[in-house]
Each structure stands twice: as structure tokens, then as C-alpha cells.
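The following pair of complexes shares a single chain, subunit A, combined with subunit B in the former and subunit C in the latter.
What follows is the complex of A and B.
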């Protein structure tokens, strides 16, 4: 149903403006998952209670979307992919404009959705629920994410953003457990609040610019008028707060840990990666036109962005340091990493935008690997949740190096420590625009956060590398003593191997990733 | 391309041997065959190489401020050195199949030897300081493994540690020197480095043109410190005799062709810069002069013949290096310009690092021969002390003849390879002496060393051939040989050593005819001075006569050292001096550690406590995870953010 909403939005736009040019191929990143969602429901109607066809259709739709975004990401001319253009609009305004950064983000979030889908498919055997609905919801969310990144009109932007979020609530709740209901409720309340804030922000924006398009011209015109400028500042700040929920920036982060812990892990992975990438794209669409503004410089925006970024980094890191549960660690680390993603945007330069996207993609890759490991580790007996505890991971790198090794690599990437050069480069790239813009205090605070972050991740790495606790007593069985068993399903195996390969390759030649973005 | 092939194939042999170490048969076939192939390859390359050439094999690395071309290169002298390295390595590999037949860690030994050889090839052919450094470090590491091969022995472990620590200490200088040379020109390529640093500094009334002489001297002295460490020169000399704790083939490799000779190759590569650095040449000249005489003296008084050979290596390497210190300075003549003042005309112009490399070549041949021969004699006698070896040569004619040929060459008797090369060094030093610099000092030291070398060589032969009075009392049996003797006599029989015999014969023949290198013009040397040859022969006669005179009533070495044998065996107390030097350093380290843990760590711990506290407080605030808490946070955040916006607007 949500997929239908997305489609109807597109068709409604067409109906409104009559002569809008539509290039379906260019819309593929959003169109392919949306159509895929429909197709899955159709397949389910024809062949109910099958799993493989659903998985194949879902994966193909996501891959097709990613392939559709490839030309935009790799185009040598660095020109945006434009479609849905209004014939007589100001500067040929197009409602869909995916520049190289946006296209890269689309590829990233579609790939992350695919990874979440693969992880989820491993759990279908154990968990109740309707597979077709699972796949359709993930695809709908991916379609929304791909659309919001490229949307250049506030209406579409708002609807696409909600389309990216709402299916995830359903995915959290569908498990039907009490904990899941709690997490889903938290997430829904948050979404409602943020939607309200976003709607207010949208209203203020239209009031300030007199235009629902996110074009640079309208903003520059509004910025020149002191009265309109004041409204515009409040509008962008309100919208930023609304997105702060989605990005889980402090102080709008409170929903993150309970939701991550209560929902199924693949959905937490989806929330932590694909949803974040979509939110980053949404934020970029808003904030990009502010890059060239001077006289007066939008100090208030830079200040708020920087303050929330630093707050998230510090709070997230400090609490992550206390976490004794891998998923809780990842939740708090998501909050800290969201700060890192937003931090370079405070510079309000195009270099800052690139750095932000690069960091977001790096974080998503490492996060997916970590989540994939979390789905593979089980404990026999013990309290619920003990499989995510520090004790279960003791010595994992020794007893199961094929799982512990990638986790160490992922944590090193998040910490920014060699040999995960990728993470280090991402952090350097994120700090550099701040220095160029003269924002020294932010850079200093960021460095402090790096130091604290190392303690957070190295603590876990030390546990992973430690000698397994009960090795001597459990002479009979290799893992009987610890009660930990590692089951890497086919989906998790794919995510683990591809993600690890990506991290390793990108650590050896980080310039390739950054070459794509420059 | 053969240079690249040598390095890569040798390293690959090492890795493959290590991977197949469970199948001893494979290792026993692969290691000798592979190293033999490399020797043939290097021999072909030596005969084929004409003009110097550069090989680019890796993509160069540009680090912004520093450019690493990562080139290799070869030339006639380098190809010749490469051949002798390959030859000695092959000899050692083949010999070890017999010598370490019953050693359960033989495959690891063979792999280490192959890796060691690869590192030496890299140093020889490197045209990039970074690659030189890589080879240099790998050699240091491999020598540690080889010396400590019998790691169950406390003395072997200590010797390995000592070698590692002493050379590591000296390597500090080497690394700093390399960094200095490279960063000053922004490239690690020899060509670029030499283009700047080989430029003569010319001063006149208006100031100086050319590179800063102080910096040049500083960097080269630092490199020389590293070379002195690796080549066991004063003041780092004492690790090498202790390294005799390793298996004899390892000693042959370390002494003859690789580790200790590497410094000569590196300095020869940097010679154009060294020639312009007066202070550095003096440092090198003084150190090598002292070393060659001191080591020759110590060699004379050793109670263990293997240690005698070790000290002779120290002395002979000093001779090689002294040729670099004392060589005459050649100013390149542009066509049409008059020859520079103070340079003797004639073919001597081209003498430069050739003599040093030629002596390296000849030393590699005869020293590997000597070590492998004494390995055989030691097995027969059950140990390598003079007392045990007495008369051992009478039981194996091959061993005795091989040892004799090696000793003749070591003493520098004309017409064997050692004679030719020592003549070249003396000739070089004489040419250099006429120019000032350390030439005269080196020349004097060389002449004294010739006498001493002849005398300890004679002594060694007298001992093994039992030409001395057998009724003389047995003095100073080395106690450290006890365990070794037992193991040897139990596990090794002198029979079934066909391969070892073949190796000895080959090396002996090459030692006899190795002087052909002059005829092949491998080292750019032109003839020898007959006057100096005559003087040398006289000096050798004096030395040999001295040994015979002392030897009439027992081991001449024992007579020479008298009651001070223990002092000689201990290298004149160098080990004690090292310990004394280490003591204040250890104390200083304790103080630094105290400041670090008690003062500096205080701040770190403070930061940790703060972070932990912050974490606890924030975590408590989130513990309930209630919607209401989140809601309040949101409201406060929204109000704060909007307040910023509103106030900014006003």
C-alpha cells in the first residue's frame, strides 16, 4: 500500500503539470524498487508462502535501481541526472535532480537495503511473519529513500521521506513481540513528531521563498530580503530538527537504542544504514543551496549544525563506552557517527557535502558488516539478549575468525584506526572542510571525540581477541563451554564477504571511493 | 631483468620451503636445486652485463614531499657481487643438506637462508634507498634467526639477542642517514640523491656553491655508523664472534657474502657522495684502521679456531671498508677541461670503489671455503677449539687442502684471489695517501694487518696439520664447545658427505682462480703495483716466520696470548663494556618510565575517569527509555534550536 502511495505521488505530479517531461529510465533508482514491491505482492498472490521468488524479485529490483543510478554516479561530466522538468519553470526547474553525490547515495542506500533484505531472509525460517510483506516493505522504503535523495520539490521531498520511514515501523512491529511493540511505538511517535516538525518547516519555507521548489535561485532571492531571510533561517532550522530525528542526532536520538534493541536485527541494520543514507540525502537537498550564500553568512545554520553534530558525537561516544551489548553499542555508535556525518556540513561548502556523503557511505559499509556479525552469533540458553552481550563475543576472533575478523575490521573502520585506513581517511576528510572554513573549535572537539571513540571500539576489539574464557574447562566440545554458536546464513555470508571485501579494498585504495565523489 | 629474477626467485624459494617444511624430502631437493639455479643465473648475468642499467619493476610511489622510484639496477661490479652471493648461498644450501641432516628445524634454516640471500640481492641491486633499507632490515632479522637457530642453547639465544641489539642500535644511525639524504632531495633514488650530494662544494671569497658540507658529513657519518654496526667494526665489533653460536653454514653465509659485506655494497653505491665528505671518510678510516689491527690481534690469541675465523672476518671487512675511506678523490673531468689539481694522472683514476668490491668478492670466496672446511674439520674432531682440532687435518686430506687454500688467500699470498684483492686495496690506499685524508693511516694499518694476518693464518694451519709439537701441554680448552662436541659426535658422521666435498672442491678451485675477475675486468681495476706486491710478500714472510718461531713449542696462539687467553677470547672485555654502557641507559629509561606512568599518565587517566563518569551519567539519564524522556528532550532541543534562529535573525 505504501508503495502505491509513492507511485501515486509521482503520477499526481504528472497530472498537475501536464507537460512535465518524464524519463522513466532516469527515475529507475526509485521506480525499480517501487515496481518491485508491487511485483512481489503479485507473485505472492500467485504463489503464496514461497520465499525464494520473493527474495529474487526484491534483490533484482534493488540491483536494478542501483544500476539505474550508476550513470549518474560515474558520469564523467559530473552533471546531474534531470527529469520531471517543468517546461516554463525558473532555470528549467526539474523536480528530480540527482547529481553525482545523490546518485552515489542512491546506490549506497539501495545496496544497504539489499543487505538488510539478505540478512532478513536468513531469519525467515525462525521468525513468524509474511515474507512478501517483508520484501515489499523494504522495497517501498528503498524507493522512498531513493526518491527523497533526488527530490527537488518540498511536497515530493516530504512524502518520499515519510515513505522511507513508515514501512520500517511496520517491519519493526510485525514480529508481534512485546519488545517489538515498544520499539515500534517509540519509532512511530518519533516519526509523527518529526513529521509534524517537518510540515511546519515546509510551511515556513514556502512562506519565506514563495516557492515549493528547492532551487538555489528562490533561496538566494529570499536571502537578499531581511524579512524573508529571518523566516528562511527558522524554516531551515525547523526542517533540520525534523531531519535530526531521522539521523538520530542528539537531542532527538532517544528513540534509537530501544528501537534497535527491540526490533529484529536486520531491520535495525536497515534503520542504521539505508534510512541514514536517505536522511543524509534529504538533508543535502535542503542545505546544498546554502553553500554559496554570503552577506550575511548563514552563521546560525552553521552553528546549529555544528553544535548538534558535536553533541551527538560526544554523547553517543560516551554512552557507547558503557555498552555491554553489541547492538546497544551499535545504536549509540550510530548516534555518534551521525554526528560525524553531519559535521562537515557545518562548513557549508561543496567540499563539506562530499565529505559528509563519503563518511556516511563508509559508516554504512562498516555498520552493515557489524550487524551481519550480530545476526550470526547465538547463545544456547541464557537470558534473552545474552547473545549480544560482551561475554558472548569473548575470543570470537580466535574461535570463529571468519566472523570475528570482519567485526574487528568494521569496528576499526568506525574508530578510524589503521589498518582500516578507510575509516581514518573518512575522518580526516570530514575534518578538513571545517579547517578550510576556519571552524577550529569544531575540529578540536571532533578530535577529542576521535580519541574517546578509539577507547569505545578498542574495548570490544580487545574482548574479541581475548582468549575464550572456558577453553580449558570445555575440553569435550569446542564451544560447549561458552554456549556460543555461530551460524552464518547464506544472506549474512553474502553481506559479510562483500562488505569485508569492500572495506579491505577501500582501505587499500581509499582514493577510489573518494575519486568517485570528487 | 636477471637482478629482479634473483631477488624474487630467492624470496619465493624461501616461502615455498617454509610452506613445504613438513616434507623434508621436498626441502632437501628444492633448497639446493633452487639456489644452484640462482648461482647459474647470476653467473650468466655477470658475464652478460656490460653497461650499467636501471630496472623499473614496481610502480613508483609519489608521497607528495617524497618520491620513491623503487628502481633496481645492475652494473658489472654489482653483477659480480651478485654472483658471489648466489654462489656462497648455493654452497651453504648444498653443504647444509649434509651438515644439518639430523636437525629437525632444517627446513626453517633453509628458508631463512633463501630469504637472507634475497635480502642481500635486494641490497646489491637496489637503486633506491627505501629498498636498500628493506633489504638491510630483512637481513638483520634473518641473521637473528640464523644465529639463534639452536634456540635451545642459552648461549645461542644470547648471541642472537646481542647481534640483534648491537646492529639495531647502529641501525638508528643508518635510518637517520637515509632519511636525511632522501628528504633533502625529496627522492629516495640513488641517482637523484647523488646528483645533489656528489656535487663538490666550491668556496671562494663570495661564498660557497654546492651542497652544505656539514649536512653531507652528518648524513654520511650516520650511515657509516649503521655500516659499522652491520659489519661488526669498532665499536660494534663484539657481536660477530659470539655469532659463532649459529650453525657453521650460517656463519659462512653471514661472514662471507651477506650481512657483514652489505655495508661495503651500500657505501660503494654512495661513494660519489662519500668522496666529497672529508669528515665521514676520516671517521670510516679511523674506525676501520683500528678494527683491522685489533681484530687481527684478537684472532691470533683465540682458543677457538672458529672464533679466530670470526675475528679474521672483522679484520677483512675492515680492509674492504678502508678501501672506501682511503680511495683517492676523483673529480670528474669534463672533456676539454684541464685535469683537476692534486689528482695523480693515469689509469689509477678509475680505482675508486673497485678495490673494496673486489676484496668483497675474494673474501666471499675464501671465507666461505674456510668456514665450510672448518665445519668439516670440526665434525671430525668433535669441536672447533684449537685443542680439539689439533691434527684434525691429518684425517682428511680434502679438508686440510681446502683449509690451506683458504688460509693462503686470507693471508694475501700473491696469485690466489685474496692476494690480488689485498694488493688492490693497498694500492688504493697508497694512491689516496698521496692526497691527504685518512689514506696514510689506513696504509699503515693495512701493512700491520698483513703481518698479523699472515701470522694467525699460519697458526691456524699449524694447529690443524699438527706441525707443532704434540707433546706441548694442552692449554685452554674452550669450555663452551662441550655440548656442541657431544651433539656433533652423536648425530653427524663424517661419511656420506659427497655434496659437502663437492662444495669444498668448487670453492677451493674458485679461490685459486678467482683472480681472473681482474682479467674479466669486472671491477674496473687496472693492474697492480709490483713494488707493493714485493713489500707485501716480505711482510707475509715476516708474519709467517713469527708464527713458526712461536709454534716450535706448542700452539703459537697460546704462546702469543700466554695467560691472557681468556682476555683474548672475551674480545678484550668488549662485552663488559657494552654492559657498563647499557647500565646508565637502563637507569635513564627507568626515570623516563616513572615520569610517563606517574605524571603524564595522570592526565590520561583523568581524561578516562571523566569520560567514564560522563558515560555513566548519560546512561542513567537514558536508562528508563521512556517516551516521556525522549519527548522532553525533543521539546527542549527544538526550543533551543529555534531560539538560535530567532536570535540570529535579530
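What follows is the complex of A and C.
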């Protein structure tokens, strides 16, 4: 719905220059989820309180969106999918431009939303809340995410970015528990703050370039003028800060752990994967035009991106080492991994962009598998939260190999250790552009982060592989290790099997992923 | 050849406890045998595979073998068959047999991939592939008496090698970025002409990274604990296969590709190597745990190998490769012998008295003496040629201006060889000749033991009541066959050294052709 508002804003913006060409089919990645959201509400009005129809409509809408992005991702010519073009304008005047990278991100994002939806559907029995609203919100967020990735105009970009974020806040809060409200509040404060920063950044950007489009030409002209260049640098740094909140980069990360822990797990999964992919797309749209700039080289930009990335990687990894709760571990490792995603962008080359997208998709796949496992493990009769504790996972790989195995694979992927070659390749691909660009210190710090990261994840893998504790002594384990149950719902099962299959296949033949991007 | 161990290994781990133990043994045994057969085929035919694998990185899945890798491929495949066969008689506690065998096969497959990879980045991926299965072998299947030590050994192993390999990764990436290719053949043409400073950086990164794996003093501290804790099959793989990956990497990368850079750091490498030799030898003189002792002697032997590499001459390189191979066979032999002892006796603490092996188990005793003799470099056995040629090459290095340094190194290395003789005889005296009275009364011998082992940890004494020393420690069944094959290898390599040297000659000359 808001997407339509966004589109109408956009047509109003461009109305003075004549009619805009709109190709609905090319807009499908964003349109399908948006229409799907409406449809779900409609279905709910006709058949209230049902589960299956909502789920089917939601899944179909997301799949249609992903199918709509396929041509862009697979097109042999590697040309961007363009639409919403201004009549008679040059190449850069299209307001929707989804290159192969963007289309791949859209597919990943829609798939991640679908996974979160499936995970959520498993919990509908136990959780309060209105199913139709759940589905509609996830779809709306997906529509926003898909739109922001391809948006090449700051107005649309901003609106779509908020559209990707705001429904998630509602999803966290709608659970109605005190903890959820706390998490939702944190998330909302952060979002508002980042929105304000982004608006300021947008204003500065328009001031610098005299143009709301994110096209290369306008930026190049502005970059040539020293005065405008200064404003442009300030603008993009401000926008970075705003996006830093969305990506949970250090020092804008503080909201992530409390929100992840307090909200329902499927929503945390959505925040950790689909929202991150959307934010990466948004960042990419901003930073892509800077790739070709040479005179003078945007050092400040590279420095800030690199510093944010390294800070996130190191802080996230070090704190994750202390985590004894799987969701907390995933929250902090999200922060660390966000650093990895942003790291190759510091090279300011197209190779770096590809590396970033590849890393983001790898991370999202592994993260979803890990979250799917987290939803399946429960403890009977422990304290609240004990089902996510280290103790509950002791020996999981032996007692429940169908759950423990995928979790190990996911953690290995995040750590970048073979046999999960995918994760290692992603890290290699991420470091390479830095060396090519001569950014030595960043590469060395990244290597340190790799080693620290291995320590973080191997600690958990060791616990998963350890012998299960049959007896707990009265002194040490009054709640730990007792009655761990593993219930894999149908949705989690689908996510687990598909995600694991994806990780395995992509480890054996990484060009499945990298072929899409190059 | 590569796919079989990897696929079967993954399959066995995935299947876990579903597979009954005998089936797992048979499947793994057949897979290892086929791999060995294919390895022989590969060694004769020398096929090569080259296809696009990861266009984003310009990485091709390109595999081929040459004179440097063939002996190692054969060694690895053979050791693969032997460890799987050995596991028939001995699967340690800690998990299902299928998992254990799966991990063994994964390590073998990863090592084979490493030795055959013709692409720098592929090499790195394969190098890393071995890490996790080996870690599982150490932490899950290791010494059942000491869980905390097991965890610690596992940690050390993972963190040390991870640091090493990430350093190596940076080196490789820098190399690839400078030479615009990751194909080893192409790199051999381009890389030696890189500017001096760049070569130095690359050589430094690669050498330090690989030195962890070798291991070279002062980066060796992970090895003894890993060896002590690992199950016999794990120790064998670690010594015979994993360490070889480190030296193989040294030959392939710093020595061959950035000769100028490696030349600058060669003196430092040589000094570290000599310290490894002496340090390892000295520790062996006082070390009480026999497995640990052999681990330290590995450090000393690898010191010889690295010293040979540092000389930069053809003889040195040949000697290094040969010593590498010999050490693989010898240490495998020793670890099987000692691992069997440790499992039956519960510990192999040299501080207490043991029955004379020559009497209670003549076969095992003989094999132990054979292994020790080979390790101290007795002519006619495998260890001799490697050490002899290394010292010779250090006397005539191809490093202008550094002859004096290498002369000193050669003398010190020879002293290291003497130390090897001393500690080998010490072990022979303690274990083979034995201290314990022939017919110990249970009460009497425990009284004797306690003062002899004042600082041995209490649980060793607890888990090792003295009467157990009387258990049958003779080699049996499969173990005997495994040992026999290894012993033949030791003697064969000693009597016919030119076999391996001839195979390696063309490749060695090619490698050194790029050197200034």
C-alpha cells in the first residue's frame, strides 16, 4: 500500500517532465508482494481465522516476485532491467534499474522473507496475533525491500527503505508480551533516528547534486566541483550513518541483540536476513556511482566504509565469543557479518560490489538455517530462555543429527571453514578486492577477524558435538540439559532442508551463486 | 581419485550411527583401496583435469601431478589404506565407527586434493578442508582419559593452524593479485619476476603461514599436544600427511614462486630450522611421554627438511622432499607401534618401569627398534638419506655470501643427528630392554613405581594400576600387517633412494629454474 503511495509520489515528482513509462511486469519483484499483502487482507475478510489460505497467498506472492526478478538475474546480456523511465531521457534517467546484482539480491530477499514466513507459520498455534496481519506485514516489508534495491531515485529509495523496516517493528510489537514491547520500542527508536538521519542525508545529497536521481552522471558532475564535492561527501556519510542503523554496524548496533532476543524468532530471522539484504541493496545503490571516480579518489569514503566494517567485525566477533545463548550469538554474529558484507565495498570497485552481495547472500542462507534450528529446539520445564542456552544444545549433533548437522554446517559457513567451502570462498572473495585496491590494513584486520570468528563458532560446534549429558548433578544443572525437545514444524523443516541443500550445493559448485553475479 | 574418499567420508559422517560398524569398515576399506589403486594409476598416467570452477575468482578446478607431488600422493593414499585398515582393530571411544572412518577419509581426500591442486586458491581451500575432520578426530576420539587436555589440544590445533592458513591466504591472494593468475604453471612464469619488495612480503606471509603447519620452531607448540591426545590413526595422519602439506606448500609457493623473496628470509628460516632440530632433540632427551617424544622428534625431522629447503640448491630440495617422504613412513610406523602400546598399557610414561618389550612382545619390539633406528638416520634405512643429503646440501648452499652461516647450520644439524641417536637409545633402553623385574608381584611393583614417577599426574597412576603392564602388547592381526607394510616402506626407501629422487628430478629442476 505504501509502495503505491511511494510510486505516486514518484510520478508526482516526475510529472512535469511528461508521462513515465511503466512496465508492470518488470516491477513484479516489488509489485507481487505488495499486491499479495492486499490480497491476504481480502482473503482474511472472506475467510477469517484460517491459516492455510493466508500462507498460500503469501508464499505465492513472494514466489511470483522472485520469479519476476529471475530474468534480471539470469539475463545473458547482463543488462539491467529498466522501467519507470523518463521519456526521451538518457540511459541513467530510469528510476527503476535492477542489474544482475540487484535482481539476485531481490531473489535472495524474497526467498528469505518466505523462509521467515514459513518459520512464523509454525508458531501460529502458540502465539497470539492475527495471521492475516502477520502475512501482510511480511509481504509489505518484502515489497519495500525489493523496491529499495532497484530504486534509482532518492525519494523512492527513502520511502521503500522505510517500508522495508516499519512492518517489522509492528511484527515485533504485535506479539503483545512485555519483552516484545521492549524490543519493539528499541527497534522503533532506532528506526526513527535512522530515518531522521537519512532524510537529512537525502537533503544534502539533493543540495550537492541538484538532482534526486542516483545516476552516475549527476554525481560525476558534482564530484568535479570542489564545493559540491564537500557537500556530497557529507551527504553520503550522513546516509551511511542512517544505513548503519539498518545494517547494525558498530557503533549503530546497540538495538540488535535486545530486539533479536525479545521478539519471536522468525521475526528475528527476518530482521537478520531479509532486512539486511534490503539494506545492502540500499547501500549498493548509493555507493555504486562512486566506483568509477578517480579524480580525486574518494579516500574519505573508503576510509569510513572500511572503519565501520572493521569495527563491526571485531566488536561483533569479540562479544559473540561471550554469548551463551544461540540467539544472542546470532545477533552478535549478525553484527560481525554485516561488517564482512560492507568490507569489500571499501574497495569502491564493481568487483567489490559483487563480493559484498555474494557475502550477504551466503550469510543470509546460513543465518536462516541457524534460526530454523533455534525455533525447533525447546526445553521442557526450564527457565524462559533456557531453550536457547548453550546447555540445551549440548550433544545436539549426536542426539538429533537432522537438526544438529545443519546447524553445524551453518556455523561453519559463518566461520568460513571447510567443509562449508561456500563460507570460505565468500571470505576470500571479500578480501580480494581490498588487496587489489591496495587497502592493506583492512585486509590484515579482516584476517584477525577470521581467526577470532573461528574461535567463536568452533566453541559452539564443540558443544554440539560433545557427548550429551544424561545425568545432571543437582549442584550444577537444575535446569540445564533437562528435557530438551526438538520439534521441527513443517515450515522449519522446509527451511532447514532447502537451506541446507543450498549450502551444500553451493559449497560443491560455488558458481551456482557466483555465476549469477558476475 | 579425489572424489571417492571425500564423498564416502561425507556419506559416512552423515549416516552416523545408522550404518552398522562392520558395513562402515567395509565401505571405508573399499573406498581407501580404490583410492590407492587410482593413485597408482594417476602416478603412472599423470592425467590432468582442468575446468572452470569459480569464475568470480578466476579459480579453475585444475588438478595434475608432477614429480614433487607423486610420491606424496602415493604416500597419502597408502597411509589412507593403512589407517582405515588399522581402525578395524581399534576404533576409539567417542562416537560411531562411521564418523571416525568418515573423518579419516575426509582428511585423506583433503590432503590428496592439496597435493594435486594446480591452482593457488584451490590449494588453499583443500588445505583448509582437512582442518575440521582432524579437529573432530582429536577432540572426539582422542585420549579418553583426559577430556580437558583433549579440548585444549583441539583448540590449539584449530587456532594455530587457522592463524597459519589465514596468513597464507593473504599471501596467496597478494600473489594472485600481483600476478593476475592463480594457476600454478602460469605463476611459475610470472611470479619470479615480481619486484623484490613484493616478493619479500609474499614470501614472508607464505612462509610464516606454512611454518605453523610444518611446524617450525617457535610455532610448533600445537604439535606435541595434538599428537599425544589424538588416536593412533589420527597421529599417523597428522605426522604422515598433514605435516607434509606444510612442506609441500613451502616447496610449491615460497621456494618456487618467489625465489628472490625467499632468498632474503632463507637465513632466518635456516636458523629456525636448526633450532627446531636441536630443541626437538633436547626435549626428546628428557620427555617422559613416549608419544610426545615422537612428536618432538617429528619437529626435529621437519627441521631437517626445512633446512634443506632453505639452502636453495637442487640437492637440498631433493633431500627435503626425500626426508619428507621418509619421515612420513617412519613416523607412521612409530606412531602405530607406540599408539598400540599406549592403548594397551594406558600410558607410555617413560618415568616408570615397563616390562622389556623384547621379551613380552618381540615383534613390536623389533618394529620399535626399526623405527627408532630409521629415525636416528642409520644408513640403509629411510631416514638416512634425507638427513645425510640435507647436511651435505647445507655445506654447499646456493646462497652466495651465506656459506658461513650454512656451514654452522650444517654442523649444528649434525649435532642434532647425534641427539637423535641419544634419545633413540634412551627409548630403546627404557622400553625395549626394560627395567621391570621379569615376574613382578603386583604389590611390589606399584611400590617401586611410585617413587620412580614422583611428578606424574595422579590420574595416570589411578587409571594405570601396575598389574596392567603385564597385558599382552604383541601386535595382532591387522595391526601387524599395517606395521609390516610400513616397515617394508622404511627399508625400501632406505635401500632404493633413487626411486623417489628420480621421479622428482625434472620437477625440482623446473622449480629451481626460476631461481636466480
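Definition applied: the second predicted complex is superposed on the first by the 484 of 518 C-alpha atoms of A that agree within 3 Å, B and C clash if a C-alpha of one lies under 4 Å from a C-alpha of the other, contacts with A are read in each partner's own complex, and residues count from 1 in each chain.
Keep this in mind: a residue touches a chain if its C-beta (ideal position, glycine included) is under 8 Å from a C-beta of that chain, and two chains touch if they have at least 3 such contacts.
Keep in mind the model is a prediction, meaning the values are calculated, not measured.
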### Message
Taking subunit A as the common reference, can subunit B and subunit C both be placed on it without clashing, or not? Answer clash or fit.
### Response
clash
### Task
May I ask you to decide whether A:450 touches subunit B, subunit C, both, or neither, giving the answer as first, second, both or neither?
second
### Task
Quick one: classify A:42 as touching subunit B (first), subunit C (second), both or neither.
neither
#### Entry: subunit B versus subunit C as contact partner of A:501, first or second or both or neither
neither
### Task
Could you tell me if A:401 is touching subunit B, subunit C, both of them or neither one (first, second, both, neither)?
second
### Touched partner set for A:458, first subunit B, second subunit C, both or neither
second
### Task
Please state which segment of subunit C collides with subunit B in the superposed model; the candidates are 148-156, 166-174, 292-300 or 400-408.
292-300
#### Entry: Doubly contacted subunit A residues - partners subunit C and subunit B
451, 455
### Message
For a test of understanding, state which residues of subunit A touch subunit C in their complex under the given definition.
### Response
354, 358, 398, 401, 405, 412, 417-419, 421, 424-425, 428-429, 431-432, 435-436, 443-444, 447, 450-451, 454-455, 458, 462, 465, 467, 509-511, 514-515, 517-518
### Message
List the residues on subunit A that touch subunit B in their complex, please.
### Response
185-186, 189-190, 193, 197, 229-230, 233-234, 237-238, 240-241, 244-245, 250-252, 254-255, 257-258, 299-300, 303-304, 308, 314-315, 318-319, 321-322, 451-452, 455
### For the subunit B and subunit A complex, residues of the former touching the latter
607-608, 611-612, 614-616, 618-619, 622, 625, 627, 629-631, 633-634, 636-638, 641-642, 644-649
### Task
In the complex, go through subunit C and note every residue touching subunit A.
10, 14, 16, 52-57, 94-95, 106, 110, 121, 124-125, 128-129, 131-133, 135-136, 139-140, 151, 154-155, 158-159, 162-163, 166-167, 169-170, 173-174, 176-177
